[in-house]
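A short worksheet on the structure shown next.
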Amino acid sequence: MLRFLPALTLLAMLGPVVAGLWGTALPALGHLPAAGLTGPSLDPFWDLFNWAGLGTAVRLSVMVGLVATSVSLTIVVFITAGWSGTRSFHILERMLSPLLSVPHAAAAFGLAFLIAPSGWISRLLSPAFTGWDRPPDLLIVQDPLGLAMIAGLVIKEVPFLLLMTIAAMGQAQPRRSLLVAQSLGYGRLTGWLKTVFPRVYTQIRLPVYVVIAYSMSIVDVAVILGPSTPPTLSVQIVKWMSDPDLSMRLTGAAAALLQLALVIGALGFWWCGERIVARLGHQWIISGRRGQFDPSIRIFALGLGSISGAAILFGLAGLAVWSFAAFWSFPNILPDGFTLRTWARHGPDAFATLGETFLVAGIAVLLALALVLGCLEAEHRSGRGLTLRGLWLLYLPLLVPQTAFLPGLQTLLLNLGADVGRLPVIFAHLVFVLPYVFLSLGDPWRSWDSRYATVASALGARPWIVFWQVRVPMLLRPILTATAVGIAVSVGQYLATLLIGGGRVSTLTTEAVALASGGDRRAIGVYGLMQTLAALVPFTLALIIPTVLWRNRRGLHE
Amino acid sequence: MKHFAFIAALVAPTFLLANPSPSDWEAVTSEASGQTVYWNAWGGSTTTNDFLAWVGGRVLEDYGVVLEHVKLTDTAAAVTRVLSEKQAGEDDDGAIDMIWINGSNFAAMKDADLLFGPFAEQMPNWALVDADGKTVQTDFTVPVEGFESPWAMAQVVFVHNTATMPDSIGSMDALLEWAQANPGRFSYPQPPDFLGTTFLKQALVDILDDPSELQAAATDENYGPVTAPLWVYLDALTPHLWRAGRAYPATGTAMFPLIADGELDLSISFSPGAASTAIANFELPDTVRTFVLEKGTIGNASFVAIPYNSGSTAGAMVVANFLMSPEAQARAQDPNILGYGTVLNMDALTDNDRSKFDALELGIATLSPAELGSVQAEPHPSWMTRIADDWANRYGTGQ
Amino acid sequence: MNKGLILRKVCILRAGIPLIEVDYAIAAGEILTVMGPSGVGKSTLLAYLTGTLATTFTGMGQVLLDGLDITKYPPHARRIGILFQDDLLFPHMSVGTNLAFGMPPGGSKASRLAQIEEALSDVGMAGFADRDPGTLSGGQKARVALVRMLLSNPRALLLDEAFSRLDAELRAQVRDLVFQTAKKRALPVLMVTHDIEDAQDAGGTIIKLKSLSKG
């Protein structure tokens, strides 16, 4: 049984991706029999290339993806280089970890309210410093360059990459290398970059690729913060895919394949960039320079990291204030009054939706845990670890743009006659939940001292006894953390819920994004907060449960 | 292919028989009990969402029908869904049982035989509907023929904040002059949002000396010359829009916060009572008022339609009929709830029912029926489709 | 008479190259000491005996315990106890539960608890059953680990640098306790160590492993 689990896991993870791509490729080549269209034909691509907004949309997707990733990575690398091992770093790590679970849409809503011309920052400075008694007519959110969108992605990707980097450093023994470098007269930052970074980067390369692919194809953040004249390619794909004119679906499918090609191209571009940076870095190492600008870069990086964290926190605070606000106009820093009306109106619905959200997330995560624990146990018993190729397969669902395969998957599911609703949505969520649960649990699971297993079996315990009575309880903390990660991933899913659910499954994220178009900031505040809570509460529980359960077991708190 | 034609031949006749027949209303209500109706409707307006939730509670209470509001960002998504289901051969129990549908989507679905019916005119509450006085038998000039049932009247009104813009405006040309003098203080939702395209139609109808040509389908010959003044108008207006026309609000309600913060002085709405409702919900300042143009403004009815492959047609009809009831109509017209215009004929109501409407306070920003003035007819949907496409190419794809 | 642990032509290979070879019969109550530089594969030999050899290695030869060929047995059926240099007490269980985990099933709860209490007092730790292993001193942990292993009724005992983490004084104490218990129970013992004192104290045969593969 156990030995089929890895294959089953791969199927659950990659099956929908491959099937979805197939379902996209057919209409892209003009094949949509039910609409009376049979391919192959290249017309969908001609229609796509004739769309006036294509150049801008493509440029937007690529620029947003590459810039957001470069900026996030730079911030993370300089913070880690300049501060790892210090108190400030520890504080920043503590602050950023919970932010990892804040759904992208909620963070984007919060940011929009901070930086908009009528936002909190502008209110704080007006009219005293700016002289504005009305918001200035500035194109700050939804700007054509996508700067607001880039900012929205950066504040979410910095925590992600930082935690990935911290995890990777565990294996790189940075302290000793840094000590050696410093004793040779290198500054902290330069020393770290020259001795530790090359090893750390090979560990975080795949997560960086994920950030590129994700930023290029994300829909919900683009809808909230991105431009609309034209929007990013992914948003336009979703629009085409839901156009009542069927031929638009062919264009959408063609655009989805283009999106896939763009992501592959951008990853290739990045890969070349890695080579160039590596070469330059090599020369820099040989040059023997000790790093005279270190102190200022350190301060600057810490400042950016703190701003990125603070942006999410104050954004969420803004959502909270809006959800309780009576009339509140510019330039007042706080509402004229506070009221429970918005919560009374939307609270009951929001809590019902929370139930649905947790139901979908709960089942998806339980399935993922069963598969992942099974795979890891099979790996342990067979003694064969995850190969590099296996790791790539694990990352594959995160690297293929969602807009490329989810619309095709929707069409295929319909063709199979599969009922729409919760079950297909759960399996669609599983595609994204599985890799994250696997990645989050894999390292702690493997770094468990397997001599405990040897001792237990030498005491006569059968393999399943060892698994349930020794390994699982000892690894309770990482298992719960992986559960929380899985729930956060599921809670944040927008496109998978929207397209595969056929509208019948609404989660806090789909509701919140639907509300975004209506612009009711109070309702958005309620749903944004609920969405954040839905992702944060499991993390809090993952911290509290082991602490309470093992309060008298000192050996588990080291 | 042969098989396909054969199956189509088998299935096709069932479309024609509305089953259960709405004429046998008792059979309909008894079949409806216990059914779940998935109503796909735009979910961006919290007041509408609340109203739909109330309807759900009432039909559950009276008829045992479970109503689920599927909140859409764009109604077109529902149409797509039905189309994909037809492709996939899902003909019996599709995901959607009812759609809050607009004129162009109705035209498209009716054309493609994707609708259940006719049902609207056989339902009991149709007798109360003001079929002569209100445009409930054509939708964007397309004959309805009972394939959708009306539930609210909408008319374009302009929403202005009297604190910063005291005077109303009488025509689209006056609007342009005002915008040139007050740059950045007006915007409209980005087409193809229905209110955005409505603004374009409103502009065209008001600019043209004789808009009657818009009542017939657009042709390749007349489209260019007829719409030319609109593009001249928009070219002049766009640089003076909010954000200089480089960004647009997503929907009508998304303009409320912009007015509340003082970013906009003027916007439009397709619901005469929405501004009053928004004031009650703290979304607009109480200095906001509404006005219509001298020549009047475009108006139409809001309809619900039932897809051909709904598995709960009886339940959907019960909901559609309830929407036309005096109870639901009076509630929808209450500015504290929705502020939508009623489709009912006041003379057809009992005194008791009529008093519910008479008791309503319209709200400070809502115009009386007399003030709303004459309603201009919607152009044929073919105009809107082409105008929306052209708009996207000219203003929606950047430079 | 077949009592004891017999390693018959045991040879462990990595990638087809022999790493270590041992051919020796450990009699009941005898202690065989295996010494050699680190990396020579001493622990690998023990892994072969416990049935937990990593897949990168291949083991050849037979292991016989009290006349039974256990070479193909799964780890939990071999009845070979092992002590590592770390105590490896399960940190989520109390001292008493750790011991109960190792005991063969059967008997009433009361009798099992009594047995645990008795075993603890034998090593001077009466009343420790409810303690959190995380709160014990190094010497106490080592003793609990030994008791846990003994309560599982092993037929042979493996020691993998079992005393190397203890300081000098404690080390001698614990070592004496282990050796005496093994002799009293007539267990064959295989000890892997790099400490010559351990080997001398054991007083048995010493095998010095050399790396077979050059490099």
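Labels A, B and C are assigned to the chains in the order they are written; within every chain, residues are numbered from 1.
Just so it is clear, a residue touches a chain if its C-beta (ideal position, glycine included) is under 8 Å from a C-beta of that chain, and two chains touch if they have at least 3 such contacts.
Keep in mind it's a predicted model, so treat the numbers as computed, not measured.
Chemist: How many steps does it take, at the fewest, to get from subunit B to subunit C if each step moves to a chain that touches the one before?
Modeler: The distance in steps between these two chains is 2.
Chemist: Could you let me know which interface, A-C or A-B, is made of more C-beta pairs in contact?
Modeler: A-B
Chemist: For subunit B and subunit C, what's the span in angstrom between their mean Cα positions?
Modeler: 81
Chemist: Just how far, in Å, is the C-alpha centre of subunit B from the one of subunit A?
Modeler: Whole-Å distance between the two chain centres: 37.
Chemist: Return the distance between the CA-based centres of subunit A and subunit C, expressed in whole Å.
Modeler: Taking the mean C-alpha position of each chain, the two centres sit 48 Å apart.
Chemist: Would you pick out the residues of subunit A that each touch at least 2 other chains?
Modeler: none
Chemist: Along subunit C, where are the residues that touch subunit A in the complex?
Modeler: Subunit C reaches subunit A through residues 47, 50-52, 54-56, 74-82, 84, 86, 88-92, 101-102, 104, 132-135, 148-149, 152, 154.
Chemist: Which residues of subunit A touch subunit B once you look at their complex with the stated criterion?
Modeler: Residues in contact with subunit B: 32-35, 51-53, 56, 117-118, 133-135, 137, 139, 141-144, 227-230, 239, 241-246, 249, 325-330, 339, 341, 345-346, 349, 410-411, 414-415, 417, 420-421, 502-504, 506, 510-511, 513-523.
Chemist: For subunit A, which residues are in contact with subunit C within the complex?
Modeler: Those in contact with subunit C are residues 382-384, 449-463, 469-470, 473-474, 476, 550, 552-557.
Chemist: For subunit B, which residues are in contact with subunit A within the complex?
Modeler: Residues 38, 40, 43-46, 49-50, 53, 68, 70-74, 76-81, 83-90, 95-96, 104-105, 108-109, 164, 183-184, 190, 242-251, 253-258, 260-263, 281-283, 285, 392-393, 395-398 of subunit B touch subunit A in their complex.
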